[in-house]
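Okay, here's the structure, questions in a sec.
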Amino acid sequence: MNQEVKTKKLINAPENIIAEMIEGMVGAHPDMLRVEGETGRAVVAVEGPRDGKVGIVVGGGSGHEPAFAGYVGRGLADAAAVGNVFASPSPSHIVEAARAVDGGVGVVMLYGNYTGDVLNFTMAAEELEQAGIAVRHVAVADDVASAPIERKSERRGIAGDFFVFKIAGAAADLGEPLARVEALAQAANDATRSMGVALSPCSLPQTGKPNFTIGDDEMEIGMGLHGEPGIRRQKLATADEVTDELVDAILGELQVEAGQRVAVLVNGLGATSQIELYVIFRRVKQRLDALGVEIHASWVGEYATSLEMAGASVTMIKLDDTLQALLDHPCRTPALVVGT
Amino acid sequence: MNQEVKTKKLINAPENIIAEMIEGMVGAHPDMLRVEGETGRAVVAVEGPRDGKVGIVVGGGSGHEPAFAGYVGRGLADAAAVGNVFASPSPSHIVEAARAVDGGVGVVMLYGNYTGDVLNFTMAAEELEQAGIAVRHVAVADDVASAPIERKSERRGIAGDFFVFKIAGAAADLGEPLARVEALAQAANDATRSMGVALSPCSLPQTGKPNFTIGDDEMEIGMGLHGEPGIRRQKLATADEVTDELVDAILGELQVEAGQRVAVLVNGLGATSQIELYVIFRRVKQRLDALGVEIHASWVGEYATSLEMAGASVTMIKLDDTLQALLDHPCRTPALVVGT
Amino acid sequence: MSEIAARTLARMFERMSEVIEAEKDHLSELDGAIGDGDHGITMSIGFKAVTTALAGMNLETASPSDVMSTAASGFLDAVGASTGPLYATGFRRAAQALSGRDTLDLPACRDMLTAISEGIRDRGKAQRGDKTMLDVWLPAAEAATVAVANNLSRPAFWEAVETAAENGAAATATMIATKGRAARLRERSLGHADPGAVSAAALIKAIASLQP
Amino acid sequence: MSEIAARTLARMFERMSEVIEAEKDHLSELDGAIGDGDHGITMSIGFKAVTTALAGMNLETASPSDVMSTAASGFLDAVGASTGPLYATGFRRAAQALSGRDTLDLPACRDMLTAISEGIRDRGKAQRGDKTMLDVWLPAAEAATVAVANNLSRPAFWEAVETAAENGAAATATMIATKGRAARLRERSLGHADPGAVSAAALIKAIASLQP
């Protein structure tokens, strides 16, 4: 391919892309989202933050839309700190988001477990604590492909964010105190497993170049949400074979038995059609049905993307009564509406 | 490229793809969707169809997910007839869907204005009428790029389906009689305009080949929802320039003035990131703001896709009080939840 | 001899299905240029469904008209798309034309071709020159009518029909589409043969090769 | 002569930004192989932000420590990512080390390099051999310490530092990543140089070229 040719995107100047996206998001959902602070990177719920309620701040790099600002709204996150494409937001972005949602009883910060996010949220927490705001954080680490279970704390956060954010958001909305919201977010994180597969690369708006190369007939099992290499590259297989591999890895750890309940998320990475996602979900359900495991709730669609990467991930959370009630708690955000 | 290499998809045997997708959809949304009849192609709302209510049947080829079955549910469509990829459902599929939702006061059928859909829905209507079921149909024709205004009845239906379905579904849910539901669907169709742009092709699961070729730096203005050629091919431009062209074509016909209201849909065709869609929405809003036109409601995301095509469309509907109230009426479907 | 005529028709549909399988990718490519790229797929699904439906019939007792009706329904239920209603209506009309007939003599073949083309025309409301499959079926039916009027031999009849079909298909490349998906292309459809016309010519060629 | 030292530092950051612009695409490509492909972009944004922030300072009155602090905040606010906190902490630590100093003599340069490397280490909790930028900054700081202890000349000091940095960057290709995004790659990271190490070596080379 001509070195000069960039991958095609409908954008303006790449350096303005985040500001323009936020302008568009807030403009499209003015009943749910607003921007607060100086940096323009703190997207805050119109309804949600209130005195006496634990504030929920989520965040991470851009390019994963609807994560993270799409989860801001009543019953879910109170604010999102929005980083550059594939780059954690800076402490100043995070501090602005946290200050906007502080209701006097502390803030829980949730993000995917990546070095950049851990470092920036940690620096932000240091600053907030100096200002007298109590902060807890939970780094979502659901990607079974990214490290063995003995090193679970090193695992990446991928689409499992969805369940952890939802459950923490519900707990905060219900008025749970800071330590309990943190514990429930951690419980959700402990009960959640994901694994993905990628078929094609994505390209950063600034470089306009595919961020990895992959053969015309290959897939990468365990690919990360930024195109970080996974555990194996192999010839493309059928949807059922691929789904079985993901489900096997997840169930191997989750240990769900007949009569137990899970919630399932089949997530598209950006360029994968809903037909494919539903074909994958069908196989996940066949597998769970065969085990007698009940699917309490399920979502199929784009919930944590990698720009226009082709591929998908499967996420399951093992539910007890507490987690289930929190998952069912109503919320209203651009990316997710639950309840009536 | 090697002629033998097929575009990559996460599927099983292509000939089973529709049955497997429907199994997945119904399995993922058992509270909203079920299948009725012999052919397996009529997806029916769990809640919705009822005696004395006009039945709403939507339908069309597959590959446009969430259209069409994703719009089935309380307050929107009562059933969808699901065709093969890019092929209208057959009369038998449509008849099954209509029979399942007939509440004794007639059925309104809504579909995009394509020869195949018109012919199949017409044959189905002939059969239904012989069986004593009153049928009306409205073929959505919102794509301004597909024919000049003098030949509006020849225009293709693209993402404008979204508004026409929503409004007709609300009218039926509110108990309006057959002729009135048809008239309101037609009014919505008359008030809706769309135009799209494509950056890359999609490929049918059966052929595995890109269904058109386009230069590495080109886009097709006015591309149809199946990759049918548009009105012009040109070098890729900025998001603002492209959006302006789409908005100009739409506003040139809609004639909205300061103080009037529209609803806006920025729709991704499959492989376009939400960042890009929000950047486009931002420009649409800038344009409408400059005119003093009020955006009553807006949606940004994938609502009528072309498999994994890259590109987007802009749709506007000019609202009067009646259409606005119907747009705001609650509904609950896999693809769209409105109201609380 | 109703068994023989019914069998011949069934064989005819088998041959049509074979030729479509062989041309499938080419037809989809033609459709990709001016339509949505699925014409080979829809025709393949349709004619496979027809042969499956016919395999379920007792051809000893079935009439030619029965075979045509079964083919029509089999095609329609499986296909949808534009071609489903068009061919189903054509085949149904042919079933009417063959009703009460036991042999596939040349007048019967003429009537069958005429009925198919009229069914397609009535269903699709297209006209000659609109760059559709009609630009093959209509001239083929006309050639059949002239051939019967001129008392042509069986080989000469089919040669005339096949030539008319081939010319009709080739001519679509010089037409501007006004019906179907390609209609929105207008001038840009020039130079591309219509996929439905090309498949129609292939079908007629398959029939002619049997010289029923 | 605090103006001169502050100016030198500001010039140093300008040179760093230039070298990052030149290496930007290469750094992103390295990151694409074992990470997320943005390292060139984040470094470019970061050092542009630093030069913008420094342009807003009055270098006549600013101390070297002020310059370092301003660089740290400018970098951090603009970048986020992994590199933001790492370099910001390194530069802040350097600001402390330079506090009260007016000249950039070789001991000051040694202390600056040491402070940067310690700040990065304390923030990122990585160790030598983890295949990160630390594998450049730590040996560079050590080389500086040895060079001062051995009373090397200014050119020899910087040559030693630059060589240590280059060797460190090259060595990362033989290491298995255990920190950062590449850590999940394990053995598959072998053979690929770490992008953060390569950019660190480029930064040190840029500083050395000025011989402050």
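As written, the chains take the letters A, B, C and D, and residue 1 is the first residue of each chain.
Here, a residue touches a chain if its C-beta (ideal position, glycine included) is under 8 Å from a C-beta of that chain, and two chains touch if they have at least 3 such contacts.
No experiment lies behind these values; they were computed from the predicted model shown.
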Farthest chain relative to chain A (centres taken as mean CA coordinates): C
Gap in Å, rounded to a whole number, between the CA centres of chain C and chain B: 32
Intercentroid distance (Cα basis), chain D paired with chain B, Å: 53
Separation of chain C from chain D, taking each centre as the mean of its C-alpha atoms, in whole Å: 74
Residues of chain B engaged with two or more neighbouring chains: 85
Residues within chain C bordering two or more other chains: none
Which chain pairs touch, all of them: A-B, A-D, B-C
Partner chain A, residues of chain B touching it in the complex: 1-2, 5-6, 8-12, 17, 20-25, 27-29, 62-63, 65-66, 70, 85, 197, 199-200, 205, 216-217, 219, 236, 238-240, 242, 264, 266, 270-282, 285, 295, 298-300, 302, 305, 307-308, 310-312, 332, 337, 340
Complex contacts: residues of chain B adjacent to chain C: 39, 61, 83-93, 114-116, 119-120, 122-123, 145-147, 154, 156, 204, 206-207, 209, 211-212, 224, 226-229
Chain B-touching residues of chain C, taken from the complex the two chains share: 25, 28-29, 32-38, 40-42, 45, 76-86, 88, 123-124, 179-185, 188
